[in-house]
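Chains here go by letter, A, B, C and D, matching the order in which they are written, and residues are numbered from 1 within each.
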Amino acid sequence: MKAAIVGVTGYTGIELVRLIHQHPVLTLGTLHSHSLHKNSISEIYPHLQQLYKQEVEAYDAEKIMACNDLVFFATPSGISKDLVADFVQKDFPVIDLSGDLRLKNLESYRKWYQKEPTTQEMIDQAVYAFPEFTIEKSNLLANPGCYATAAILALVPLVQAELIELDTIILDGKSGLSGAGKQLSDASHYVTVDENMSMYKLNQHQHIPEIIQFLQQFDQTLTTLQFTTSLIPVKRGIFMTLYAKVKLGITLDQIQQTYQQAYENKPFVRLQDGSLPELRQVIGTNFCDIGFGFNEDNRVLTVVSVIDNLVKGAAGQAIQNFNKWAELDETSGLMHVPLFP
Amino acid sequence: MKAAIVGVTGYTGIELVRLIHQHPVLTLGTLHSHSLHKNSISEIYPHLQQLYKQEVEAYDAEKIMACNDLVFFATPSGISKDLVADFVQKDFPVIDLSGDLRLKNLESYRKWYQKEPTTQEMIDQAVYAFPEFTIEKSNLLANPGCYATAAILALVPLVQAELIELDTIILDGKSGLSGAGKQLSDASHYVTVDENMSMYKLNQHQHIPEIIQFLQQFDQTLTTLQFTTSLIPVKRGIFMTLYAKVKLGITLDQIQQTYQQAYENKPFVRLQDGSLPELRQVIGTNFCDIGFGFNEDNRVLTVVSVIDNLVKGAAGQAIQNFNKWAELDETSGLMHVPLFP
Amino acid sequence: MKAAIVGVTGYTGIELVRLIHQHPVLTLGTLHSHSLHKNSISEIYPHLQQLYKQEVEAYDAEKIMACNDLVFFATPSGISKDLVADFVQKDFPVIDLSGDLRLKNLESYRKWYQKEPTTQEMIDQAVYAFPEFTIEKSNLLANPGCYATAAILALVPLVQAELIELDTIILDGKSGLSGAGKQLSDASHYVTVDENMSMYKLNQHQHIPEIIQFLQQFDQTLTTLQFTTSLIPVKRGIFMTLYAKVKLGITLDQIQQTYQQAYENKPFVRLQDGSLPELRQVIGTNFCDIGFGFNEDNRVLTVVSVIDNLVKGAAGQAIQNFNKWAELDETSGLMHVPLFP
Amino acid sequence: MKAAIVGVTGYTGIELVRLIHQHPVLTLGTLHSHSLHKNSISEIYPHLQQLYKQEVEAYDAEKIMACNDLVFFATPSGISKDLVADFVQKDFPVIDLSGDLRLKNLESYRKWYQKEPTTQEMIDQAVYAFPEFTIEKSNLLANPGCYATAAILALVPLVQAELIELDTIILDGKSGLSGAGKQLSDASHYVTVDENMSMYKLNQHQHIPEIIQFLQQFDQTLTTLQFTTSLIPVKRGIFMTLYAKVKLGITLDQIQQTYQQAYENKPFVRLQDGSLPELRQVIGTNFCDIGFGFNEDNRVLTVVSVIDNLVKGAAGQAIQNFNKWAELDETSGLMHVPLFP
């Protein structure tokens, strides 16, 4: 099947190219960018020399539908919300990696993204597709955000099994720079980032409403989260730390069993056996590795979940969503060994 | 005044050399190491060529007292506890940068350091010298630990003013590699650390009892802390994040005023004006920069404090303690502009 | 076909595991280590969880031959030279990634490796297998060194076509830390490497004789090289810079055509079109990207070749050698898109 | 004495602030920027909080002369060439850190900088001030470039003593990112730089004519250089490698003695005793450390010189030039211990 990529020159777009290259069913279709048009993708990205010669074209919905079997939107937020209408109208399959179709509440989108939302009709058709939990099918899939992915996989078993006091949840996320995209700013200059760590968007990150919305299907009383995001000097990866008080009487054993049951048949979630995962053990792959420690003195549970923000946090999860949509094995083309060291 | 350094070849020892070089009163005395003896310190450390030619000698308490006015112990834990007796007997001034003399409870030392403690008599004479708060004087000063310094400066105003619920305190510390010392291990190999982040000693870090002991002078009911420590790929620096619920009715204004009053005359604590500090803004200096954000929805206060673990977290604070002991201006020789960028 | 790996816990061993995972014909056979024996390779390397459960066993030549179709030696120099005899005797296929079987002159091995060489008989059977140039076949293949690979691919077209003055060759190689292996030393400590660059083994690197030996098949008069190696703060990759004076009258056009002809049908050598390659464009892959610039004022040609030291410089090239040996397509299982960014 | 800084918000401007802070005679005067005007320099640079509150003002030549004793231009090339006239007219002391006043040949400036040069009159008054070699005095000093500094210190003894064949000189420079300034570009984005190395401006770097011009005072026959510059993933520092063939009959002893004599009374040049310097041993300081190795087989001498590009390569050298101009000890305020590790 041929997949078009809109926004192919961004980090998640180019990561889709890498992953599709190794996929047994998907092949690269037409490539589109708003700003960079070249005769060949490898003129922009020399690492693709002798691998791909596709032209990078201007956006053209008709051509995309004519030449491909589905389309990935790897665009910044605020783009796909207006563009997907053409595809939805013709029921052409869309997987949107941006934040535009994730929030069911249009006001919430307006507040957190500071942009005009899409229409109610459109948002009603979109399915927030978290492949480990979502069973609903649709030709309009909203792929989860990177921080949201790491947070949700850490939290769902606890919330579902009612093990924790919801008002004690603290999510402390650390991300590599690719998470901020390739736009230029003082904050992404090498000299700013190297040998530094900085916190940003304290309680203002746009993935917060997405996490709350998703967790409310397990517990409606969850309405707020403490959520911080920091930049660390690495290219890729999210290191998410979750703290929460477990309810009185809950034991470490119960916590372990809850996680094991939740992820028994989930090939991309790897529970650590009594240890904590390091960031590097998932780089380049679709795995989410989870470990935890329990402090009996104050009943604080610490959970660490690590993902590659561009794979499980973006392009890999999009392929995983495709696999499920296409009724392939969920792991098709995604079972890579991490680049290690 | 001449200062001897025991353990001069470690990171904090060599940092003492750097700071003493710029001090108006202190000069470098005899240098000692257990393992590395050389005719000149610059044979071990080429960065000191043409700056210092002192011999690195074997440890010799008599010689240290004969040739110097005071001694800094920059040794790993487990060394100074046995060696300081000779100095204490003759009331020769000692500033100990290791953890050996910090914990008043000998059992606590045995538990957290997994080593035999010093004697009760010795620990009774030692003063835990936190220069922003300690007024007691002594010729046997225990210099605080690096994580403890960042945690205590973030916490004292809140605990002292009874603004937070003590059982909600969560300390999430991130440190550069120099904090782990220069001993070789898989965990400190470049290939392990680069592009990685890992959590270690979850609720087992030996600075935990030191923080609790110190805070108990402000509130005896504080008996436990949630405390995690992680390694991030930088050489120097601690980025400490504190989360705690403020008590009902406490406002952001009150929090701000409390910090301002606490640190009004403390030249090395710089409160950020409405922003959060980045790690790099303190590197190479004795500053601790503190900022915070308040989530009114769930009453969670987030405080970030950053220090250079080798300066304010070790050698710089030791000089600051010396300055106070010698009745110099607290900032003597310590008011550097950070190396930036 | 099943491949055993001896020395699987080293960086090149574990990279063989990664590459074999994606190979259409090779599968992982028995795994061996001299020091680390575990019930499962994923106990040592958590990044392999749920991908591999093979036991890491002690070395056992009989078992290796009984259970596998070939064996890769990914051992440090000085090991395989004694161990391969058992396999050679039974004509069992061996690909040796160490330096033990590369040098035809035993004295040369003794001089450069400071170790006792293998026997003349053994060295006579071994073929130095540089897949772009070697056509000889053998069941005992010596895989080229990492620096040697980058140097040889930059030099062969020039030497073969007699374009340069041989006594002006200067090779200035920069390598990431994985090239130094995972043994612990001050030189590989994170704090030593980060924000640093250092040159080592000036004209003493053991890859020098291997390069000269190989190039002499094109020009016997080449007997010496200026060769330096430096460490830069990256995990993977070799950035090799070659300087040489071209002979009087040689034009940039001739140089370009020479390279193009030399690498016309070599799928892993990618000539840059008028630009210089960056290190990152080959990471994780078997590509060698080559670019050059010509200074007409002084006739100095500058050639830059970049490889991933663990792939084209070690494990990938070994698989490429296997592909040729097994008469598969040379690129089988090796045509990956680089991990980018 | 009060020093104004024009271009204070750039990396060299802010480094001047750091160095002046530790200087016994210089104090910070007025601060100027073309784009960023703030009530306080510490609003732009939080690392300066509680150290400096000076306003960052628009450029104003009259005010600079009224309020200060001298002015440092820390502006990009193309700015000071037009602005210095006002100061020259009144014989007000100027130290220009940009490239505008370095090249005596106006055509050369036009060619290498791709900008209109200053006037012949102005260039005649400017002195290219290389503090280790220049004795001429002037109120208009052109401070050398960073690569030029590392190259000149490596080359002068060899050229002066006629030890090398001039047409074999190869300079291979590697620089940290701060050398490229803080302007935003794809090339300075963290994700581009981290885990990468790239060569740029091959034989096109604007420091080439400056090096040749300076060396011609020792040997007029030197007219061309092979010169490459690369970026390595560090913040600060230049690692310059020089290759050259020594003339027949020259011995290692002669080379060593030549360097020793050349730098006998030069406090900032530290010759390594038989070893090669690492980049990190000069960071934060005005030192240039030099080491070399000699290959007797092919008479190639390898020289490595390392500097901090922002100190000896810019702001530190400017202070050193000031010290000489003010007839202070050359090392005043510049004898720091490097930040190590």
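Basically, a residue touches a chain if its C-beta (ideal position, glycine included) is under 8 Å from a C-beta of that chain, and two chains touch if they have at least 3 such contacts.
Just so we're on the same page, UniProt names per chain: A, B, C, D = N-acetyl-gamma-glutamyl-phosphate reductase.
In this text, all values refer to a predicted model and were calculated from it rather than measured experimentally.
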Taking mean CA positions as centres, which chain lies farthest from chain C? B
Given the two chain pairs A-D and B-D, which is bridged by the higher number of C-beta pairs in contact? B-D
Pick from A-C, B-C or A-B: which interface has over half of its contact pairs in common with C-D? A-B
Computed distance of Cα centres, chain D from chain B, in Å: 36
Can you work out the whole-Å distance between the CA centroids of chain A and chain B? 39
Whole-Å gap between the CA centroids of chain A and chain D: 46
Multi-chain contact residues (two or more partners), chain D: 11, 178, 182, 191-192, 194-195, 233-236, 278, 280, 283, 341
Determine the shape of the graph in which chains are vertices and touching pairs are edges (line, ring, star, complete, other). complete
Give every residue of chain C touching chain A within the complex, in rising order. 11, 14, 17-18, 21-22, 45-51, 178, 182, 194-195, 235-236, 267, 270, 272, 275, 277-278, 280-284, 287, 289, 335-341
Footprint of chain C on chain B - complex, ascending: 11, 177-178, 182, 184-186, 188-195, 233-235
Can you check the complex and tell me which residues of chain D touch chain C? 167-168, 170, 172, 174, 176, 191-192, 195-200, 202-203, 224-226, 228, 230, 232-237, 239, 241, 243, 276, 278-280, 283, 293, 295, 297-298, 300, 302, 304, 341
